[in-house]
Each structure stands twice: as C-alpha cells, then as structure tokens.
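One chain, subunit A, links the two complexes that follow: it is found with subunit B in the first and with subunit C in the second.
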Partner chain A sequence: MANLILDDICVRFGGLQALTDVSFSVSEGEVIGLIGPNGAGKTTVFNVITGVYRVSSGQASYDGATITGMRPHQILGMGIARTFQNIRLFQNMTALENCMVAQHSRSRTGVVGAILRSPSQRSEEARIQEKAQQALDFMGLGRKADEVASNLPYGYQRRLEIARALASEPRTILLDEPAAGLNPAESKQLMESIGRITNLGINVLMVEHDMKVVMGICNRIIVLDHGVMIAEGLPEEIQRNPDVIEAYLGQ
Partner chain B sequence: MEFFIQQLINGITLGGVYALIALGYTMVYGIIQLINFAHGEFFAAGGYMGVILISYLSAQGLHPYACLAISLVLAMGYCALLAMAVEQLAYKPLRQASRLAALLSALGMSIFLQNGLMLTQGVYDKAYPTEITSGGLSWGLVSVSYMQMFIVALTAGLLLGLNLLVFKTRIGRAMRATAQDKVMSALVGINSNRIIAITFAIGAALAAAAGIMVGLYYGSVNYSMGFVPGIKAFAAAVLGGIGNITGALVGGLIIGMVEVFAAGYVSGEYKDVFAFVILIAVLYFKPTGIMGENVDDTRV
Partner chain C sequence: MTIRGSKKLWTGCAVGLVWFLILLWPMLGIKPEGFEFAATFQVFGYVAVAAVFVLFFYQVKEAGYLDAAGKPIQSAAGLIQRAYAKTPTWVLLGATLAVAIVFPLVTGRYAHDVAISVLIYICLGLGLNVVVGLAGLLDLGYIAFYGVGAYTYALLSLNFGFSFWLCLPIAGLLAAIAGCIIGYPTLRMRGDYLAIVTLGFGEIVRLILNNWMALTNGPNGILGIPRPELFGFDFRSLASLYYVILAIAVVTVLSVYRLNYSRIGRAWEAIREDETAAELMGVNTFLLKLLAYAMGATFAGFAGAFFAARMRFVGPESFSFLESAMVLSMVVLGGMGSIPGVILGVLALVALPEVFREFELYRMLVFGGVMTLMMLVRPAGIWPAKRVGRRSEEME
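This part shows the complex of A and B:
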C-alpha cells in the first residue's frame, strides 16, 4: 500500500512554473531518490509535502488523508519529518534539546501542568528525554547530548538534523541532500544510517546529488527537470535513460 | 547609611515590579519581534481586576491573605485571556505585514484598552483596601513593610517559575524554538500560533501580578496607570537587551534602583527623567543592551 501519494501537483510562483503535474507515490519500506539538476524543483516537492508551500493545483495524501492544505505541524503529526539542505538546527540549544523539541507533537502537558509540575508532567518530561536520547544514540551522537548545536562539527550537525527528525517518531522521513559536504567516510556512514532507518520501518524520500549514495541505497529513483518528472524507475534503468543523461549533461 | 539601605530596599521592590512588566515586552519581542505597546494596559487591567476582586472577597469576610491569593490568580488568568484576545484580534492578522503596521496596531490597542478602562471604571483613582497592606519590620530608621516583603517574594517566585517553564518544560522549549526559527519549529511539530498566544498570555499574567502589587504598594489604581510604568519597563527591557529574559530582570532592577536613588538623592520630581535618560543613552551607545539582543539561549 502506498502511504504517500502525490497526484498532479502544480506549483506556480507568480509567472514561474516551479512544478508541473508531479505525481508519484512512496510505499511502506521504500527508499526513494529524487534527483535532477539544480533548480529542477526537488526542494519544492519537499516544501509541498511538508505544508510549507501551497499547491496551485493537485493533491497530496498520506495514509489516505489529504495533506495539501494542512499546516506543517499537523503534517509532522501525521508522521512526516524532514531535514534541510542547509542545516537548520536550533543553534542555541543542546543536541538533546534539539531532539526534545521534536517530541512536541507526541506530548501533551500544557502551561498549567508545567507550572504545577504535576506527576504526569514529570513522567512525560522523562519520557521525552529518553526518546530524544534514543534518537541521538541511533545517529551515534549519544555522547554529544549536552553540546550546544552550533559548537558541533559540520558532519555531526548533519547527523543531528536526522536525529531530530527521527525524534519526532516519523513513519516517513524526507532528507534534503543529507550527504552534502560530507567526506567519503562520512557518506558511507550516512548510507549505513539510512539503511538502519529503513529497518525501523520508516520510508525515506531523499534528494541527493551524490550518485554513489543515491544509486547505492535507493529502491527507486524519480528524476525532475524544470519542475517536470522526466523519468521514474530502478537505479539501473535511470542510469541508462537518455532523457536523464540529456538533462544532466545537456545536448 | 540607613537612608541608603532604605532606598536599596525600595529600589529592589520597585525594580522587581518593573522586571515583571519588562518580561512581557521582552518575551513577545523575542518571539515575534513586536514591541507590544499595549502591554502596559495588561498591567493596568491587572491592577483593576485586583482591586475589584480584593474588595469583593474581603466584603465576603475572607482572610486577607486568602483574598489576595485568590485575586492574584484570577487577575492573572483574566489578563492572560485578555492578552490572547488582543493578540488574536490586533496582531495575528498582521503577522505577515510590515513591522510598522503591527506596531501601530499595538498603539491603537493601547489607546483602546486604556479608554475602555476609563469608560467602565471611571476617571478617578480606585483605592485598594489598606488593611491587608499594613504592618512591617524596622531596624532603627530602616523599615520594611510586609507588603514589600510580599512583593519581593512573589516577584522572585514568579521569576523562578518562569525560568523553570522556559528551560525545563516542553512549552518552554517550543517557545525557544519558535523564537529562533518559526518555519523549522513548525516542521518539528510546533503550532507556532498557539505558542505565540501562550507567550502573550504569560507576559500579561506577569504584568497583572505587577499591577496588583503596585496597587497594594501605592494604595490605589488609575485607568492611565499602565502608561508610565509601561514605558519604564520597556526602557528596562531595552537596557537589558530586548528579547533576553535575564536582561529584562537586570534592566528592571537597574531602572528601579536608579529611580529610587534619583528620587532620594537628587529630586523626587526628576525621578522619571532618569529612566528615560537611561533609555536614550542605551539606544545611543549600546542599542543591543547589557545582555545583547538575541545572542544567547535565554532568548524567548
């Protein structure tokens, strides 16, 4: 069963047609690569799915519920988390706090409970912290929990972004160029992490330029060019597709 | 020397009150970069709600401290709701508009609320029941009223509670996250509209507590009482570094001290001037304030 479905999505910004009739689906347990030249609309697709941009026409649904028109925090509540191409951590918070923030939609206590420090508030707080720590451990950042995010080295910050997304207990995770700026050893580690994420039953939709990463772990690849889907298929099919080769290399 | 100590005690009392009001300015600025010029009116509304409730409850024969405690909680709750309504009506529709538009809306709200208070409560001062404010301790020439002790203790308690809320709870984390990056915090599941409303509510509740304390301290409230303390608390927030919680506390205490010492050693008539001289000097020499604008993690 496909749980994320995009159906004829169009996005226009003034006179610019950013996406034209984009349709695809992501099923349980899949790792899907979204590739294309710069400006092809890959990040726009992410912004549509997560509710940051409004669609001009078309519809996206998740688990049968329409998500176009929902607000970003509601979509996260449905189980879709994401990371950013240019890292967007809460710079002044510790690594642990970054992950604890992501537990917001999975917890309840309001202002009154927090002020009264009710027993349920305290046990919830302990649970939030435990989940956040698990996410850090999962990404190999367990020992960095108390470091302020902005003090972490670049590679760790990238991992923390993924850890934060995982801390929201998603069932689908959108990774925007997770390997950007990583050295070969770090990319390899990243691929391993993504493999372990899918083992948790989380499906992955990934924008990535590093073809080694894309071809290495994706089950299926979607190619965008100028906001139009020009190909969709298995990695080996995509590598041989003449349209894709033309889009990347030009005539 | 006794005079100095006496003024120090008065300064802490007054400074605590300014700090409580300044927190509302600074928290709202931290989260939506708006100077909420209607904030002083929450202070006034709190003062009025306090006098109405305390008078009513003490007429029912309740113990003075019980009257005070119940009135405090109810007035804080009332102002929290009032602030959320103001935010919803006057600021939320302008979230995407220019900052100037929201600022003008805030000024309009201030005039509206102040006049509303005048029309419903009258133009004359309303006296606080004095029996619960009497008594105190004295050492030689230095005297501390029970009311001053109560004000300082309550201020300290509220500040401690706020600190715990901001740094140790999920609401506080969401506030800090929203202050830093609204888009990203929405993408990790935070409903920023709700968090903004909560921030307004907390700020107004603290201002309401300050309003009651001032009413008790000076013995009366007036419909325009929000204006001058509001501006002074704003000066305190700017002095401490607008957007910075610790800064609001430090700024409030400094403004309170300066005012009391200026009144004591220079002239009572010039006391207001000093707060504004500080405001102008800070804006001129160090616009980011003592603790710096939005630089460390105490920003909300």
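This part shows the complex of A and C:
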C-alpha cells in the first residue's frame, strides 16, 4: 500500500515555476532517493510535503488523508518527520532536549497539568525522556545527551538532526542531504544508520548529492530537473538513463 | 607581567581617561556665563587618580606580589562554592523562604515597603521572562497587563464590592485575555517589528486608561480601593500585605519553574531557538506563542491586582513605557530565561537603589553605567540560565 502519494504537484513563486506536475509515491519500507542538479526543486518537494509551502495545484496525501493545506505540526503528527539541509537544531538546548521537543505532538499535558505536576504529567514526562533517550541511543549519541547542541561537532549535529526526527516516532522520514559535509567514514556510518531506520519499518525519502550513498541504499530513485521529473526507476536504470546523464553533464 | 602587556594597559587607561574628559567637560564646563574649567578638572583629577591607583593595584596583583594576602580569600571563596554545590537545592530554597518569612518580623515599615516592591517586580519580571526569556518574543508593552490587573481589581471592588481574593483570578484572566488580544495580530511578526507593535499596544492601553473618563476616571485615577480581607482579618499593616505578595510571588516562581521544565517550556524554548524548525518538529507555534503571551500576562495581572490593593490608588502614570523598560532591564540584567537571575536582577534594580539613597543625585548615572558595563562584560546576565545537565530532572 502506498503511504505517501504526491499527485500532479505544481508550485509557482510569482513567475517562477518551481515544480511542475510532480507525481510519485512512497510505499511502506521503501528508501527513495530524490536527486537532481542544484535548483532542481528537491528541497521544494520536501517543503511541500511538510506543509511549509502551499501548492499551486495538485495534492499530496498520506495514508489516504489529504495533507496539502495542513500546518507543518499537524503533518508531523501524521507521522512525517524531516531533517534540514543546513542544520537547524535548537542550538542552545541539550541534545536530549532537542529530541524531547520532537515528542511535543505525541504528548498532551496542558498548562494546568504542568503547573500542578499531576501524576499523569510526571509519567508522560518520563515517557518523553525515555523516547528521546532511545532516539539518541539509536543514532549513537546516547552519551552526548546533556551536551548543548551547538557544542557538538558537525558530524554529531547531523546525526542529532536525524535523532530528533526519529524521536517524533515517525513512519516516514525525509532526509535533506544527510551526508553533506561528512567524511567517507561518517557517510558509511550514516548509510548503516539509514539501513537500521528502514528495519524499524520507517520509509525514507532522501535528497542527496553523494551518489555512493544514493546508489548504495535506495530502492528507487527519482530525478528532478528544473522542477520536472525526468526519470524514475531502479538505481541501475537511472545510471544508464540518457536524460539523467544529460541533465547532470550537459549535452 | 611583561612590560608590553603593561604598556597596553596604561595606553588603554589613558585613552579611557581622555574619553571621560571629553564627556565630562561639556556637562560641568559649559555654562550660560561662558566656559569654566576648574570644576571639571577637579572631578577629573579625582577620577584619574582613582583609575591610576586601581590599575596599579591590578598590576601588582597580576605580578603576584599579593598572592600571600589573596590565598586565604581564595580558599574561603572556594570553600563557600563547594559548600554551595554540596547543599541540596531544597535546603537553599527552604533557607531563602525562611529568610523571606522572618524578614518583616525583624525590620521596619520602610524595609517592608521596599520588600513589597521587590516582590511585585519579581512577579512582573518572571512573567515577562516567560515571554522574552523562554519564548523569545520581545515585548515592550508588558506593563499594560499589569495595568489591566490593577484596574480590574480597582473597578470590581469599588463598583461591585468583589473581594480581593475573587478579583485576583479575574484580574489574571482578564490580563490573559488582553495578552491574547495583543498577541494575536503580532504572531506573524518577528524581532524588531514585534517590539514596535507591542510598544504601540502598551501605549494604547495607557492612553485608554488616561482618557476613558467614564470608566477609569482618567488621569485623576481611582481612589479609596479597599484592602484585602480574609475571614474578618483586615490586611491593614504593611507586614500582612507583605505576606500576601510573598504568597503570590512564591506561586509565580513555582508555576514558572514548572512550566519551564515541562513540554510547554521546552516548546517555548524551541520557538526561541528556531521557529520554523519548531513548527516542523510538531510544535503548534501559533498556539504556543499565544499561550506565552497569555501566561506572562496572567502573572502581571496578579501583580497588578495586588498593586492596586496595596497602594489603594491606581492612576495611568504607573503604567508608562518606562516601567516596561525597567522590567525588561531587570530580566536582561539578571539573565534571560533564568529564574534566580530574574530575582537577582530585580534586587539589583529595585533594592540596591534604595540602599544607596544617599547618593540620590548620582543614582541614574550609576544605573546607566552599570547597565553598560554589565552588557559589556556579562551579556548573558548576572545568573545565566543553566544549560548543562538534565533539565528535565526534578530539582525541588
């Protein structure tokens, strides 16, 4: 069953056509790579799915429910979490707190409960902390829990972004260039982490420029160029596709 | 200390003194009758001698000549610090509370009066701290909510005979509603624009209080507001009023502390750090920003109701922009987002000026100087918010 479906999505910014008729679907357990030259509209696709941008036409749905027009926090509540191309952690909060924020939509306590510290608030707080710690442990950051995010080295910050997304208990995770700026050893570790994420039953949609990573772990690849999907298929097919080669290398 | 480093310091000192002279002379030397130099150079002489002496002392200390004298002081400071770290938090809090409870029994009227203002400003500072320190929304019209609380009690008690204890929650509620009204249109704004709009709203509230003659009696204010009363006990003395505001302040501290360490406080901090990322991580930024305004306003509303009961008079001039700026200074000086910091900030800006009343003339000069200096050497405040360790853990 298809989980996330994009149907003829068009996005226009004034006179600029950022996306034209983009349609694809992400099914359960898949790892899909979204590639294309700079400015092709890959991050725009992410922003459409997560509700940051409004679509000009077309619609996106998740598990049968329309998500176009929803606010970003509602979409996260549906189970779609994302990371950012240029790291956007909560810089002055600890790693654990970063992950605990992601549990916000999975918890309910209101102002009164928080001030009175009701038993349900305490147990919920303990659960939030446990889930956050689990997410950190999963990404190998368990021992950095109390470190302030801005003090972490770059590679750890990248991993913390993924941990934070995982802490929201998503079923689909969108990774925006997770390997950017990582050294070969770190990218290998990242690929292994993504493999473990899919083992949890979470589908992955990723934008990535590092072809080694993309070809290594994606089941299916979608190629965008100037906001138009020019190819979709298995990694081997994509590597041979003349349109793709032309888009990347020019004629 | 090497000669080079020393030379740099002396140059810095000389430049500073010349700069001071340039500032000082126009103030003391330019008179309607003409220029005058004697007075300027007399003051300048004192300052220069003091500066040279301090610098000399500093260099002697740096060179290590004073180590013998400094050692015992240092070890004593270390001892106090270690003792502080070892004492459980509840002991410290208990001791603070005990001092606060005993305070009016051993002091006079004047001290009670100052202590009451300190506690009122603690409530205000902590409320503003929610908006500015936690949610990161710069609010320059905060005092408006204080005014709403004060007028709520004044009008309800005089016109309908409502008791103080009934009016307290109503004042909080009305202030919260005012907070939402002000918060709603500003939700899309960030930074400077937000500051300007809140500044405007603060002025609007003051002008309404000033001009709505039928309801607020305009600039004349409202007189003869009744004192709080509880089961026949009249809170007549300042000491008994002190306990009322102490209770309100304790509730405020506890509420702000608990909110801070809950999912709501975390969401506020996430909004402060990166609003877009917070929204994408599942925080309903719209609702939570509104909630920050409402909560901050509630505490100001409580403080306002008490203020009206304590002064037995309210007038629009108590809710001017200068008051907003003062409360904001207390929060920034103490350390944004830090509860002990805000309390220290209030003490520094309300209690210390009272202690130094003899230097009345120079108070504002010193105030300005201290603020400038603090922002230069400790921009995070006197007691910056703690950012290490598990903040979610119980610390009571």
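Throughout what follows, the second predicted complex is superposed on the first by the 251 of 251 C-alpha atoms of A that agree within 3 Å, B and C clash if a C-alpha of one lies under 4 Å from a C-alpha of the other, contacts with A are read in each partner's own complex, and residues count from 1 in each chain.
The criterion applied here is as follows: contacts are C-beta pairs under 8 Å (C-beta built on N, C-alpha and C of every residue); 3 or more make two chains touch, one makes a residue touch a chain.
Everything numeric here is computed off the predicted structure, so don't read it as measured data.
By the document's definition of touching, neither partner reaches A:N203: not subunit B, not subunit C. In the superposition on chain A, contact is made by A:E97 with both subunit B and subunit C.
By the document's definition of touching, of the two partners only subunit C reaches A:D146; subunit B does not. By the touch criterion defined above, A:N3 reaches neither subunit B nor subunit C. Look at A:T43: by the touch rule set out above, it reaches neither subunit B nor subunit C. Common to the subunit B and subunit C interfaces on subunit A are residues 50, 52, 71-73, 76-77, 81-82, 84, 88, 90-93, 97, 100-107, 109-111, 114-115, 117, 121, 124-125, 128, 148, 164-165, 168. The touching residues of subunit B, counted against subunit A in their complex, run 161, 164-165, 168-174, 176-177, 180-181, 183-192, 198, 201-202, 296-297, 299. Per the touch definition, subunit A reaches subunit B in the complex via residues 50-52, 71-73, 76-77, 81-82, 84, 88, 90-93, 97, 100-107, 109-111, 114-115, 117, 121, 124-125, 128, 148, 164-165, 168.
Chain contact summary for the complex, subunit A toward subunit C: residues 50, 52, 71-73, 76-77, 81-82, 84, 88-94, 96-97, 100-107, 109-111, 114-115, 117, 121, 124-125, 128-129, 145-146, 148, 164-165, 168. Of all residues in subunit C, only 254-255, 258-259, 262-267, 269-270, 273-274, 276-286, 291, 295, 387-392 touch subunit A in the complex they form.
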